[in-house]
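As written, the chains take the letters A, B, C and D, and residue 1 is the first residue of each chain.
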Amino acid sequence: MTPFSLSRRLTAEVLGTSFLVATVVGSGIMADRLTADTALALLANTLATGTILVVLITLLGPISGAHFNPVVSLVFAMRRELKATFALAYAAAQVVGGILGTFLAHAMFELPLLQTATTIRTGGGQWLAEVTATFGLVFVILAGLRFRSEAIAWLVGLYITAAYWFTASTSFANPAVAIARSLTNSFAGIRPIDLPGFIIAEVLGGLLALVLSSWLLMEARTAQSQHTHGN
Amino acid sequence: MTPFSLSRRLTAEVLGTSFLVATVVGSGIMADRLTADTALALLANTLATGTILVVLITLLGPISGAHFNPVVSLVFAMRRELKATFALAYAAAQVVGGILGTFLAHAMFELPLLQTATTIRTGGGQWLAEVTATFGLVFVILAGLRFRSEAIAWLVGLYITAAYWFTASTSFANPAVAIARSLTNSFAGIRPIDLPGFIIAEVLGGLLALVLSSWLLMEARTAQSQHTHGN
Amino acid sequence: MTPFSLSRRLTAEVLGTSFLVATVVGSGIMADRLTADTALALLANTLATGTILVVLITLLGPISGAHFNPVVSLVFAMRRELKATFALAYAAAQVVGGILGTFLAHAMFELPLLQTATTIRTGGGQWLAEVTATFGLVFVILAGLRFRSEAIAWLVGLYITAAYWFTASTSFANPAVAIARSLTNSFAGIRPIDLPGFIIAEVLGGLLALVLSSWLLMEARTAQSQHTHGN
Amino acid sequence: MTPFSLSRRLTAEVLGTSFLVATVVGSGIMADRLTADTALALLANTLATGTILVVLITLLGPISGAHFNPVVSLVFAMRRELKATFALAYAAAQVVGGILGTFLAHAMFELPLLQTATTIRTGGGQWLAEVTATFGLVFVILAGLRFRSEAIAWLVGLYITAAYWFTASTSFANPAVAIARSLTNSFAGIRPIDLPGFIIAEVLGGLLALVLSSWLLMEARTAQSQHTHGN
């Protein structure tokens, strides 16, 4: 698909995920320092995350597809649009990039590079929120590719802007970002012990979106034709 | 028009309205928990609603038209662009989807699923606000289809962003969403007893927009030609 | 240019200016009621004004050109793109629409329809701000028409979003809107006695933009060709 | 490239940089006067800066390329897309424009025109932030020109919106703007003595982006072809 070499594609995944995480973590630290109002801090966090997503997906999409998210790579692998070995390499690049992003944010704000988050994020409501958030994200990507592929960067940025607020978990929706956020004891942090619950919920949400969209996005004619062929 | 089956179209209406309401209700709960400043809470509520509307209309529009609103389905039925029976089915799907959206928000924020709103929203100013809000929404849709159909998702999202602030009612402009919001005793709630006033005002606003736009959007040549034929 | 009748064009100017002013005044009242923080109120005011401008210019532009502003109509008259009598009719429609917008906002918020503003807005800094604001607005329109006419609604909305904050006067930049805002004793008001200073500054800013852009937007080849013809 | 004369191009650089700096400085003064919450002030500052960038780059880009930034002009000179003498003239125009912008903001807000900033911005974290901010800005421009040149104004505006929050320095990323901001003792100021550190970091960040993008943005086929030719 992409005319870019694998090393460039993996570099794009590292670069994009690191800027994404540096934005999530860095803007959280900045906002937290400047205000005592948590809603205002989350608003700044939202604005920074939503806008950088549009930029990163627009500019790195042509190189690597701009996944920045192991669930997205998994879904493309299951749709046979990405080799399984490539999906694994992508996921590794995303985790490495995310961790570098946390370190970069810490270095810019002159905080210890190595930290462990203490923010508790667990329980049924949080898990349901992550299922919902990732379901929505993957649906946006699959339906976006189907109907308006040139607008997909905007759609993801706008979706995450909303999802930061309507999900109870502020919408992590991304295992690589979640891992990176477990390494910062700041506004955006998540306790390492809470990671498994989040990651399982995110994978589940992504698979639900894959199943639903494989039915919902099929046109009547195509559906009928497939039914006929099926008999 | 749409090549998608009726079951897919109704599913799209359920899915879209449920995400829309989950966003309106969920972001209201989130914001209310994080700040004591009501303007800041409404700002977060506005941002989430405006952005999710762009996403949902862009992605579900090709399937169902992305009405998510019985007044919009009514207007299309009156313009003979949607069968009356389909409009009824759409409205039912929208109400069901809206209620599911409220439940989803409650579940994510670990609140009782079943609630009854106590926020008073009644009186002439509120009703005039709903007439104005829905007039504007339907005019945006009809003029948008006429002049810039590819941008309609953006136009609706931007319009609602403004209307949350310039109307005294924060612009419900949607009977299905109003019903769903009567089932949450949170930031976005509305007393069930106040629903009839809102719904009547919304239908009235929609019909006014239909009448005005049928005159205003007609070009001089076409108008003259119709006049000649009419004689 | 436009295939729409004059009555439709004037209706579009009335409708657009009334929605614009209802948004400016209404969102000011709403924000002022909900918060004690003036910057937050101005932020809500900004967001509502910027977004409604994009919507109104996109949808009414094809009918009337979506001036909503006597300075803009004056500039088009001086460029001989609008007849002088039409410019006068446009200006009258804009003033009427603006006043109706103030009344609509007052009615929705259950305030006395007739009010007189008491907010003092005068002095050299304010006048320089209005010259700057209107210079920028008219330059955006003229350069936008020259280079990216399909994006002009966005450009105006984004420009006003910035101008609310970088000009000391919060960027009225519009005599019709200024007159309408002199009739509300709320967040957006301006004392009637301060109107002449604002209106003179706005006209001056518009004319400066007309002069600068007539030179700056001329390409080298065209410039040379005109010079040759001039000799 | 551009069909506009050098005098028009330099005027466009002066005009654009002056409006950019007037926005950065003016919105900072406005916000600081209206609220005691620093995060809210930065949010208003961000919104004004991000939006004016989209407007200025869209409208002045066709004339001068809309650099407004000596690092950007330097990078284009190194890519041999701008003559070295022109790059120097551009840089001079940018510095002059920036200073005029500070004066304009001061005049509008009725402050002394000549000021010296006292805000301390120094140290390793700040310098790393400026390297990061300018690396990102130049990468956005180079990758944007490569993949989506028609969207570059939006991409820069969105990037700076995020960078105001995720970098510890609020992302100056521009030596001309930094110099202009050393002349205002307001929200956006920077001590003159801190300028060299910022400017060196900005140039370094820009060069890093130039190096990385010259490798990352090269397609496999082109890369192979160049390798063959190289042998």
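The rule is short, and it goes like this: a contact is a pair of C-beta atoms (placed from the backbone, for glycine too) under 8 Å apart; a residue touches a chain by one contact, two chains touch by 3 or more.
A quick note: this is a predicted structure, and the numbers were derived from the prediction, not measured.
Steps from chain B to chain D, taking the shortest chain of touch contacts, total 2.
Between the contact lists of chain A and chain C, the overlap consists of B, D.
Note on chain C versus chain D: their Cα superposition corresponds to a rotation of 90 degrees, in steps of 5.
Residues touching across the chain A-chain D interface largely differ between the two copies, under half of the numbers being common to both. With centres set at the average Cα position, the gap from chain B to chain C is 29 Å. For chain A, residues touching at least two other chains, in rising order: 37, 40, 43. Viewed as a network of touching protein chains, the structure reduces to one closed ring of chains, two contacts apiece. Contacting chain pairs (ordered by label): A-B, A-D, B-C, C-D.
Listed in rising order, the residues of chain D touching chain A in the complex are 37-40, 42-43, 46, 50, 123-125, 128-129, 132, 136, 139-140, 143-144, 147-148, 151, 154-155, 158-159, 161-162, 164-170, 215-221, 223. Of all residues in chain B, those touching chain A in their complex are 3-5, 8, 11-12, 15, 19, 22-23, 25-27, 30-31, 34-35, 37, 40-41, 43-45, 47-49, 51-52, 54-55, 58-60, 62-63, 104-105, 107-110, 157.
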